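What follows is a pair of complexes built around chain A, which joins chain B in one and chain C in the other.
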Partner chain A sequence: MSLLVQSLVLGVLLGGLYALLAAGLTLYFGVMRVVMIAHSAFLILAAYLAWWFTNQTGLDPLFSLVLTVPLFFGMGVFMQRVLISRLRPATLTMMSVLLTFSIALVIEGMLGFVFSGTQRRIRLDYGGASFEVLGANVAVVKLIAFGLAVVSLGALFLLMKKTQFGQSLRATIQHPDAARLIGINTDRVAGYGFGLGLATAAVGGTALALDSTFYPSLHWHWIGPLMAIIVVGGLGSIPGAAIAAMVLGMGQALLQIPLGTTWAQTFFYVALFVTLMVRPQGFFGGRLAQRF
Partner chain B sequence: MPSASDTVTPRPEHAGSRRTTLLRIVGLVVLAAALLSFPSLAPNSFILSVGVVIMSYAVLATSWNFVGGFTGYISLGHASYSGLGGYATALLIIHTDVNPWLAMLAAGLVVAALAVPIGIASLRVRGASFVIVSIALVLILLLVFQSWGSFTGGSNGLRVPRPFGTDVLRPEQHERFYYLHVALLAVALLVWWAIDRSRFGMGLKAIREDEDKAQSLGVPTFTYKLIAFVVSAFFTALGGGLYALWFGFLDPIFQFSILVGSYMVLMSLLGGIRSLFGPLLGAVIVGYAVEYFKNEYGDTQFHLVAMGLLLALVVLFMPDGIIPAAGSLVDRFRPERSSIREVTQADLAEQRRTEGGSGRSRGAGPGTDAPASPTESPSASPTDSPTESQGARS
Partner chain C sequence: MKVKTPYRAAGLAVASCLALTACMSSGADGGAEDGTGPIKIGISLPLTGDFSEPGKGVQRGYEAWAAYVNENGGLLGRDVELTILDDQSNADRVAADYEKLINSDGVDLVFGPFSTRLVVPAAQVAQDYGFLFVEPAGAAEEVFTQGFDNLFYAAPAVADDHYDYLADAIEALPEGERPQTAAYAAMDDPFAMGTAYGLKDRLEEMGVETVVDEVYPPNTTDFGSIAAKIADSEADIVVGGTQYQDAVNMIVALRQLDYQPRMAAFSTAPTNPEFPEAIGDNTEGILSPTGYTPDADYPTNAEFVEFYTEMHGDAPNEDEANAWTTGQVVAAAVEAVECASPDPDCQGQLIDWLRENEVDTVVGPLTWDAEGRPEGAHLIQQYVDGEIRIVLPEEAAEAELMLEKPRW
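Now for the complex of A and B:
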């Protein structure tokens, strides 16, 4: 019983992180119809930056967010304005996949080059601390990571729903031409949307760095599940991505009990195939997802 | 050497004038001669083994191009089919003791059969999901083959029995496998060329250019995509199987590596996905570069950076590849040529003249039909042929 509760709690905590990252992927897809393979590479990059920051300054890795979030936002805007917008609209989806794939390779290669392929881990004095809830053992770092994810998702939600920028961003996602007609500078908004997406990778990477070991090629283990999540949730739907992230994250955690960690990971891919067979547009996606 | 000369088939209607046809034949003969004479020119067996690797890349890239070039669906996960082909070949030989070459063929068929449900799942929706599934497939297969140790050898790898006896020495092995790879490459090129000229190929290219329009013109897009996908998986699996027989050892990390899949994409894009020999050219360039980098920089991650930068440059500045770029450079010095289509204006005019006045308003019919069957009875249009031929007979 306590094992079940334990995996449920772990599943929720993991699902929160997945939800944040999947929200970033959904943003890219929404504003530019781009499948951003490099998302998880930036995730690992942020983790490395947090580690490096802690090593250099001795401060808590959470403070690195002050630097990485604006930095990643800027890189996102740069990527969209300078690289992605250069591609021909007709082949944008395919070519942007290749472009972001090559960015992922460059990041992985540079990380290996600069920091070497050794596994890294941040040593925190509260790293081993944990407390009990209903017989389940919850590590403090996991809870902090979850809290980070929830706070940023909430901020993203408020930004999208309550501010004028959020409104124009949503308008750009829904119908770029119409948005342009009513005077929204869609190019700039798309750039900022990209920046926001990449900022989620910065937050996620710092959260990841708190409680796990990382190495340059780790991003391949993240991109598969994340891709599965956004397809299951319906490409382009942020609530869909968040719900799918929670469901799949919990499913993975629960399946770990009978199957073990490795086989439990295949759950994401099974869900992906089943979704494409049964409901190709995803479970929460609307009109937008169908065409891609 | 029957194999590579297979591709030396005259390509008449396409070229237009007789001189270009002659040039093409000469080019093909030179290419075949260069490919076939390489083993006797190679100074040592290491260079020869590099040649085998490059030919293996060429086979894989050409096989990739069946789906990437014709339909424009870019698969980053074709390593899954080459890996599956290799493993299926090895496991068939080990468990059923069948002839290695038969095992390779059977492995190709098995993988093609597996590709059917995968294709159905991933081709249901447009581009993005296809790419996602292709990547996911490599990752899932890597997981499965690493953890299913009892059957696949797991992370320890799997030793593949040698098809030739122990009396055949290393250099001799390399040479034989080099020719086998060239033969497989020739077959793949021949099939690609045949599809390129067929009505089926025209439908696929219509999908590449504009899938909605193709569909509304009556191209059975889903079936066509699926067939191209399965053919591609079949040849990729054969390439993987042949490589496994040569290399003699399979490790999931290298077989189901996303890098191998992206090499195929890079090679094809660099050479030009719309041309027959584009992937081969790309494979020679990239394959050489990869081997060079591995030799020079060895263990560092630097080859990842180089590979990534090269791919980004190709995607940003030369998405059509070297062959079309070079072609347009040559065209500058030619008398004007107004169309880059497969069917030139002149061909079309000629064909309209022979057809006379019958059926002027047929839309896409004659355009798609023309290159494959210029000598066919001109009055038979696809839409009304049954009634017309009946009328002619009675």
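Now for the complex of A and C:
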């Protein structure tokens, strides 16, 4: 019984982290049909920056967000305006895979060059700390990562729903031509949207760095499951990605009890296949995915 | 197309002449027969690709060994000269490399590459040419079950025997004091699983009940659920068949669930200098087998550490040590039978000599069984007072084995 409760708690915490890591990925696709293979490479980059920040200053890695979030936002805007916007609209989705694949390779190579291939980990005094709730242990670092996910996804949600920028962004997602007709500068909005996605990668990478070991090529392990999450959730839908991440994270944690780690991992891909067979547009997305 | 017979005969004659001169020239610059030129040693290593990090370690070890030998009068009075090719961690490539080294480069001896996956195809080529094949890193059981009669693994023990001293120590305890239950988690990798399951077999024989037995893929990033299973079982001893990041992540996950075993053993990771940095001051009592430590007082080890440190600025690790050991093993055979040439007769004598004799190396005295398995065991190290020290076997111990691990 306690194992079940413990696994549920772990599943919820893991799902939260997955949601945070996948949020940017679904946003890029929503805003401009870009399949951003380099997203997980940016996560690892943020993890390295958090580690480096802590090593240099001795401060908690969470403080590195003050620097990395604006930095990543700027990089996102820059990337969209300078690179992605130059791709031809007709082949944008396909070509964005190639382009961002190469960006991922560049980031991986740079990380290996600067920080070497050695596995890194941020040593935190509270790294092993936990408290008990209903017979289950809740690790402090996992809870912080979950908290980061809730705060950033909440902020993203409010931004999309309550601000004028959010309205323009959603208009750009729903119908770029109509958005342009009513005077929205869709190019600029798309740039900011991309920056926003990359800013979530800064938060996600830092959350990831709190509780795991990382090395330059780790991003290849993450991109698959994250892609599965956004397809199951419906491409372009942030709430969809969050719900799918929760369901898949909990499913993985619970299936691990009877099936073991190897088979529990395949749950993501089974979910992906089933989604593509039964409901190819994803369970929470809209018409967007059908165009893919 | 029809070619007239005289032309054919002439063509054949020309081709034969060319082939013959090719053989003659390669024989001449080999310098093997007259015994004056350098002894050429052919090696292929994964210098790029998956195994590039350990591959480069092995390269440093080989090069240090060659430099040391040449500074000290060479082998049979001749210098040694290494030809190192890069196999890009690719199993097809490694076979072609050894083919080339033996056939067209005309090397006198070959040394093995890094890791099981590359050792097997390379050993096959060496076997086909009757070459002695001593290798620094292919510890998994499948290396020794291919029917090679030319292969010797230049390290103290195969993966399954890494924990032998620990198993002996536990067996020596009165039954009531032994752990009663054990949890195993191993990476899906022949080496990592071999270490954990070697100990599992021994503990099960003693009647220690297995309560968790998990195998996880190498790309596992989340160890929360595995840790939950282990913590729920409250096993007395936890054994990790681990490499590096998996051990670190698993230990942190176990601590987060407040699991406190009496004993904890993990392969590979704890001997890594990064490990205490990653885990902090919660390493106390963690056990790990190791094939090499610079502190071991085997004859020749001090010279090796000194020479290597002078050359590279820091002390050698296991990969470098195993490479150096490979050199020592082959050198011992060469000195004993007084030959080093690709001639099958000479290679046969080298192989036969190693079957019969013990070689003193930097990882201790080595002997081999008929399949090339070394017949030793790994030292067991433990974190005692914040430092990793040898605790088993007793004759090599730097500190006393701690049977009750403090809380982590």
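Worth pointing out:
The rule is short, and it goes like this: the second predicted complex is superposed on the first by the 292 of 292 C-alpha atoms of A that agree within 3 Å, B and C clash if a C-alpha of one lies under 4 Å from a C-alpha of the other, contacts with A are read in each partner's own complex, and residues count from 1 in each chain.
One rule holds in what follows: contacts are C-beta pairs under 8 Å (C-beta built on N, C-alpha and C of every residue); 3 or more make two chains touch, one makes a residue touch a chain.
Being a predicted model, the structure only gives us computed values, none of them experimental.
Once the two complexes are laid over each other on the shared chain, residue contacts for A:R33 go to chain B alone; chain C is not touched. Touch criterion not met for A:L21: it reaches neither chain B nor chain C.
When the two structures are aligned on the shared chain, A:L65 is found in touch with neither chain B nor chain C. When the two complexes are overlaid on their common chain A, residue A:L99 makes contact with chain B while staying clear of chain C. In the superposition on chain A, A:G117 makes contact with both chain B and chain C. Once the two complexes are overlaid on the shared chain, A:L218 sits against chain C while remaining clear of chain B.
In the superposition on chain A, contact of A:T262 is made with both chain B and chain C. In the superposition on chain A, A:M75 makes contact with neither chain B nor chain C.
Annotation for chain A, partner touching more residues between chain B and chain C: B. Of the two partner chains placed by superposition, A:A190 touches none, neither chain B nor chain C. Put simply, chain A uses residues 117, 221, 262, 265 to touch chain B in one complex and chain C in the other. On chain A, the positions that touch chain C within their shared complex are 2-3, 6-7, 10, 13-14, 117-119, 121, 123, 125, 127-130, 137, 139, 141-142, 211-213, 215, 218, 221-222, 252-253, 256-257, 260-262, 264-265.
For chain A in complex with chain B, the residues that touch the partner chain are 29, 33, 35, 37, 83, 86-88, 91, 93-95, 97-99, 101-106, 108-113, 117, 216, 220-221, 223-224, 227-228, 230-231, 235, 262-263, 265-266, 268-269, 272-273, 276-277, 280-281, 289-292. Those residues of chain C that touch chain A in the shared complex are 52-53, 188, 214-217, 219-222, 224-226, 228-229, 231-232, 244-245, 248-249, 252-253, 255-258, 274, 277-280, 282, 408. If you check the complex, the residues on chain B that touch chain A are 72-74, 76, 120-122, 124-129, 131-133, 135-137, 139-140, 143-144, 146-147, 258, 262, 265, 269, 300-312, 315-316, 319.
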